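Working notes for the structure below.
In this document, chain identifiers A, B, C, D, E and F correspond to the written order of the chains, with residue numbering beginning at 1 in each.
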Amino acid sequence: MANGVKAAWAAGKPVVNGWLAIPSGFTAEVMAQAGWDSLTVDIQHGVQDYMSMVACFQGMQPHGVTPMVRVPWNEPGIIGKVLDGGAKGVICPMVNTEKEARDLVSFCRYPPKGTRSFGPIRSGIYGAAADTDAANDDVLVIPMIETKTALDNLEAIVRVPGVDAIYIGPSDLSLSLGMAPLQDRREPEFLAVLDRIRTTAQAAGVKVGIHTMTGQYSKEMFERGFNLATIMNDSGLMLTAAKAQVAVAKG
Amino acid sequence: MANGVKAAWAAGKPVVNGWLAIPSGFTAEVMAQAGWDSLTVDIQHGVQDYMSMVACFQGMQPHGVTPMVRVPWNEPGIIGKVLDGGAKGVICPMVNTEKEARDLVSFCRYPPKGTRSFGPIRSGIYGAAADTDAANDDVLVIPMIETKTALDNLEAIVRVPGVDAIYIGPSDLSLSLGMAPLQDRREPEFLAVLDRIRTTAQAAGVKVGIHTMTGQYSKEMFERGFNLATIMNDSGLMLTAAKAQVAVAKG
Amino acid sequence: MANGVKAAWAAGKPVVNGWLAIPSGFTAEVMAQAGWDSLTVDIQHGVQDYMSMVACFQGMQPHGVTPMVRVPWNEPGIIGKVLDGGAKGVICPMVNTEKEARDLVSFCRYPPKGTRSFGPIRSGIYGAAADTDAANDDVLVIPMIETKTALDNLEAIVRVPGVDAIYIGPSDLSLSLGMAPLQDRREPEFLAVLDRIRTTAQAAGVKVGIHTMTGQYSKEMFERGFNLATIMNDSGLMLTAAKAQVAVAKG
Amino acid sequence: MANGVKAAWAAGKPVVNGWLAIPSGFTAEVMAQAGWDSLTVDIQHGVQDYMSMVACFQGMQPHGVTPMVRVPWNEPGIIGKVLDGGAKGVICPMVNTEKEARDLVSFCRYPPKGTRSFGPIRSGIYGAAADTDAANDDVLVIPMIETKTALDNLEAIVRVPGVDAIYIGPSDLSLSLGMAPLQDRREPEFLAVLDRIRTTAQAAGVKVGIHTMTGQYSKEMFERGFNLATIMNDSGLMLTAAKAQVAVAKG
Amino acid sequence: MANGVKAAWAAGKPVVNGWLAIPSGFTAEVMAQAGWDSLTVDIQHGVQDYMSMVACFQGMQPHGVTPMVRVPWNEPGIIGKVLDGGAKGVICPMVNTEKEARDLVSFCRYPPKGTRSFGPIRSGIYGAAADTDAANDDVLVIPMIETKTALDNLEAIVRVPGVDAIYIGPSDLSLSLGMAPLQDRREPEFLAVLDRIRTTAQAAGVKVGIHTMTGQYSKEMFERGFNLATIMNDSGLMLTAAKAQVAVAKG
Amino acid sequence: MANGVKAAWAAGKPVVNGWLAIPSGFTAEVMAQAGWDSLTVDIQHGVQDYMSMVACFQGMQPHGVTPMVRVPWNEPGIIGKVLDGGAKGVICPMVNTEKEARDLVSFCRYPPKGTRSFGPIRSGIYGAAADTDAANDDVLVIPMIETKTALDNLEAIVRVPGVDAIYIGPSDLSLSLGMAPLQDRREPEFLAVLDRIRTTAQAAGVKVGIHTMTGQYSKEMFERGFNLATIMNDSGLMLTAAKAQVAVAKG
């Protein structure tokens, strides 16, 4: 199974990404029918771990959506496990320096491009098993840019060979800039920061994704030039819809 | 903790009920914040079993929403377990005769009113433990009326002592009447069936609930005189919301 | 997704069925790559329940193998759940009378052919959701013939409308005939019993399956005219292979 | 592994039985070190199901304690599963008539003594696999006597061939006699009922067990002639000890 | 929900802390009724991980006991996850230097006080969500002092801004001092070490907790001036009580 | 329970090691009957984590096979947890330098030999609890040699006090040498590398293990002088056997 996100980008299309915080293969299976191009299991902030990620991947597997993961940290043990488990993209929080970006790439690539250990227990079923070059090509490496330090080092980070895209976490970026941890911000100065990040990355041939809370803001970001946008997460969509329907019922 | 559904009914208020098909304490915890009066774990058609019901109840427990269950069948083993697990209402599918309604009541009540066995492993924590009369009062017995046979026996079913409410499954009722298994129907002849069920039950002092797919239809049912309405379920709300947001993002 | 077992039989081909006793979506995913036409989750004797069945089905779903279940008993609660969960065939133990066969069919079919309740939480994703006629067609009803009483009632059982196939459990059949609970038997008198069951069923247009311990015995059964054969189970295959390899290593 | 409870009784010794309500192999493993002769997984009132029973049995397996189960109901599906899972004793609630006792025995014994189906997925590892006579001998059948109806039918119940012991649930027995559901009762009239049950059973060669809340009451029951006594359960022991230690710490 | 441990300390009261090694929401729910001020899920030495911590927190949530965690190591990935999961206190093993204490504080606090990433998936339900200053205040940072190196660096460690309390592990401290890994020690020279740690911390405005095996020793520690004491753990309390009761029953 | 691997080596016997990738106590229980000397739960590349390791250990515990673990990374948190969980051997991937080997030993040994923290929640049940010297002796420390850097540092690594054995991962070693990640290689130049590693280690009194895909290759490695060989893994053995049997059945 080819990497659908890479294919979409190769075709010049933006990617609508879903976000899984619920540790259940069933919710992943349901979400996989909603039209997302990719679904990311959030092991960092979601109620997820490696085992629930495997269950989520199994639930979404028949539906052609690209499985990705946000790992809890830039640590080789868990990164190796999610890749063996079938992740075709690794979003990594708090990558603040060129060194950290190089480490991340190294953990995601087999030698000679990196130091990933070979044992593709699930990824070998759904992708290239023994062809490690093809496997290297099949995995997106996506550091998150969400601190002031990362902004300072952005140019170096996006030029690390093997970085395919960056991902912006607006809450942490806001905090880091001394603002409240809000999302879907439209303050001009914040949009300017987003644009600076985006153009710096794209100038280096690196794609840019961002977390949003609504389809509307995602659409605006695509129009602005972003390559990927995530809309809220599974539990948030459920809660928002539930509140709205209850309110209608209660008049 | 008193039974919130009984309290609402005593106060003359309709009950907005949520429906849990996802086997996760976390989704129950999230749903519990949406304003539902009660949340029903659906062990019949949901991806649920006894163990996931316990997890769901634990997730919703701090939020004051009344925990109920739809059991898979009118069988004393599972009914005993869900009551010990803390259910304050038992919705039972396919209760078609007076005999089946009497059995259901018997499985839900301690002697001398029934044959429930004593061992309130969780319900004893959150309700009356050793006071079996109070425990009997605290549990709603709710047979489902969803077949032609049940319609024929309705008068007898609602007059079985201990039946607190009935619950209408429009899909099965439709099938049973030779119609497609749809919900939120507005055909006058179907609404007439609903009203006949409702008035027959209410004449016997029995409350009436119904499954719906939207807050709007629930509201209409309340206006019609129904005492409880369920809106879709957790995974359905999530999927509907996801599809809508993806569509906006994709323009 | 069409029912692959029905398709194979329509094409005049025998079906090689795998058997899942291990409660793991991962082992189901691995087994699904071995060439089986169908995989049956054994909730009766396997270390399985409804929840592990869902996980197994999710694991095998991408691989085009037909998911079936052996239920623990001829009971409407669990039969409804496995069908909603996506089973395309229900193998039911100890069906000994025409009445029990009629009950089984009834639990597996929507009205007017039976009494199945509507709520296809997973089967609606992978098959016909609202078209209950198509859903009825998509599910194989397979009583097990494994007692002397069942042999006595065989003619009546196989002529119950809606019985698609029967399945022979050689261990229980042996016990019931006063023999040790062995499999892959080749005693002429036992083979004569098998043949009598097979021809009686096939004369009524009903397919015949059997449990075996080896590919070799399965092949012999196909040559004899059987329509489906199961080979051992997942844990048994693993153990046999492990013992053999350890023996080689230890010289 | 021989049945330790049978061995103790053959040696004229009473059996101290532990009770597992916590669904965890780890707690079973810990409890197995406390000196119990047997440990019973309570699927009826405990937070347990078949899967957690398997985990509990695995936890206790190395420690030589005899694994038993209380099933949720006198139903062949679950009884077959717990026996295949390795239970060496089946305590069944609410056995009120000779017919129900005969059913229970039948579900627990292979032909020709009963109707158990062959498939000892775990019990075959730890006991006689293909020797069904030995397997029949290895399993204790233990109906619970806990209602007025059962008292009326006691003589007939204990004379059903294959009933090895009976088990008294003092809470349900109390309720059934119009008393509060208390345990460790010492009212003379209640003790008289206990003694009548005990002597009736023992006259028929059937052993007698009882649920208690303390080692002290168990000891008194042994002195009275009972053959088995259970002390509270795992979570109750934990809670009692925790409360006592907290009270000491808080002065 | 305010942090109960902080409130107790503000009121000058000692805190009796329970310890959860059993990975079960049900045992947490039971323990939460025993009178503990706080309950700590031990992911380091307990049979626990992040997922079981979430289940334990859900079980204890309705009972007003403060949820805390001992993390397996001073690592930002797991520390972020337990805080998002709802921990109001982080006990971290083997903090031996000022640098390690500064790292720990940094992992537990949002900018500008630290580097915690924003995504309070459960803690946002039960505490301040978007108010990161309040969230920083709501979390206790508690390094463990349990090695000789830590003793040497104690003064520096307790003066790191953001360290709220320290926690003494007597087993490791004993080992580190060349003694057997025992608890509840009363050797004068060991008590002197404890007192030196305690007074050093308290002089810096930092509270001091200690692990004990009994309510009695906890009480003595409170009298000595300690601010928090843990009594054994859930499985240990259960085992001790079980042994005692079995011994009584066996005479 | 003594460490069976140490005992075998002391007796001059090679060790046949099984490999568990399936997260199930039941498969571990089945594998434990196949004749393996030891069984290793593979948390690095297997579908395993700490919790499934505990379940696997519980499943294998009664059968006298030595439990070992491959950890995901050389990280003290997880290494402490697997040792507390009962591992009697720690295989650690990607140990490339003397420093990394020293760290690994330190994480596995109690003071004064290392920095392991005391809390043997399960290992204390099945081994020496309070005797930390005995516990240190009971655990095998086994770094993996699988990169060019490791080959360069081999002499230093095997001379680190406390390293009991090394383990060769042929796939990663191949990749690191610029070859495809194959196993069971027989190229003379690759065998020469294996022999160089083996003799270097054995000269330092360190045992040598290797991963293989067949009993035959394991046997050849034993003849060559290797001390331990692993044969494939549980899911691989199952899949290979399933494919072979299906092929026979399909003729």
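Criterion: a residue touches a chain if its C-beta (ideal position, glycine included) is under 8 Å from a C-beta of that chain, and two chains touch if they have at least 3 such contacts.
What you are looking at is a predicted structure, and each value in this text was computed from that prediction instead of being measured.
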Compute the centre of every chain as the mean of its C-alpha atoms, then state which one is farthest from the centre of chain C.
-> E
For the copies chain C and chain D, give the interface type as same if over half of its residue numbers appear on both sides, and as different if under half do.
-> different
Quote the value, from 0 to 180 degrees and to the nearest 5, of the angle by which the CA atoms of chain D must be rotated to coincide with those of chain F.
-> 180
Rounded to the nearest whole Å, what is the centre-to-centre distance of chain B and chain C, using the mean of the C-alpha atoms as each centre?
-> 34
Find the geometric centre of each of chain C and chain F from their Cα atoms only, then give the gap between the two centres in Å, rounded to an integer.
-> 39
For chain C, write out the residues touching at least two other chains, lowest number first.
-> 21, 23, 26, 30, 33, 47, 49, 51, 54, 75, 78, 122, 235
For this assembly, give the contact graph shape among line, ring, star, complete and other.
-> other
Contacting chain pairs - touch in the sense defined above | A-B, A-C, A-E, A-F, B-C, B-D, B-E, C-D, C-F, D-E, D-F, E-F
Under the touch definition given earlier, write down the residues of chain B that touch chain D in their complex.
-> 49-51, 54, 75-78, 80-81, 84-85, 110-112, 115, 117-122, 130, 132
Mind pulling up the chain B residues that touch chain A in the complex?
-> 16, 18, 21-24, 26-27, 30-31, 33-36, 47, 214-216, 218-219, 222, 229, 231-232, 234-235, 237-251
What residues on chain B touch chain C, complex-wise?
-> 21, 23, 42, 44-47, 49, 51-52, 71-73, 75, 78, 93-94, 146-147, 169, 171-172, 175-176, 178, 180-182, 235
In the complex, the residues of chain B that touch chain E are 25-26, 29-30, 33, 54-55, 58-59, 61-62, 122, 125-126
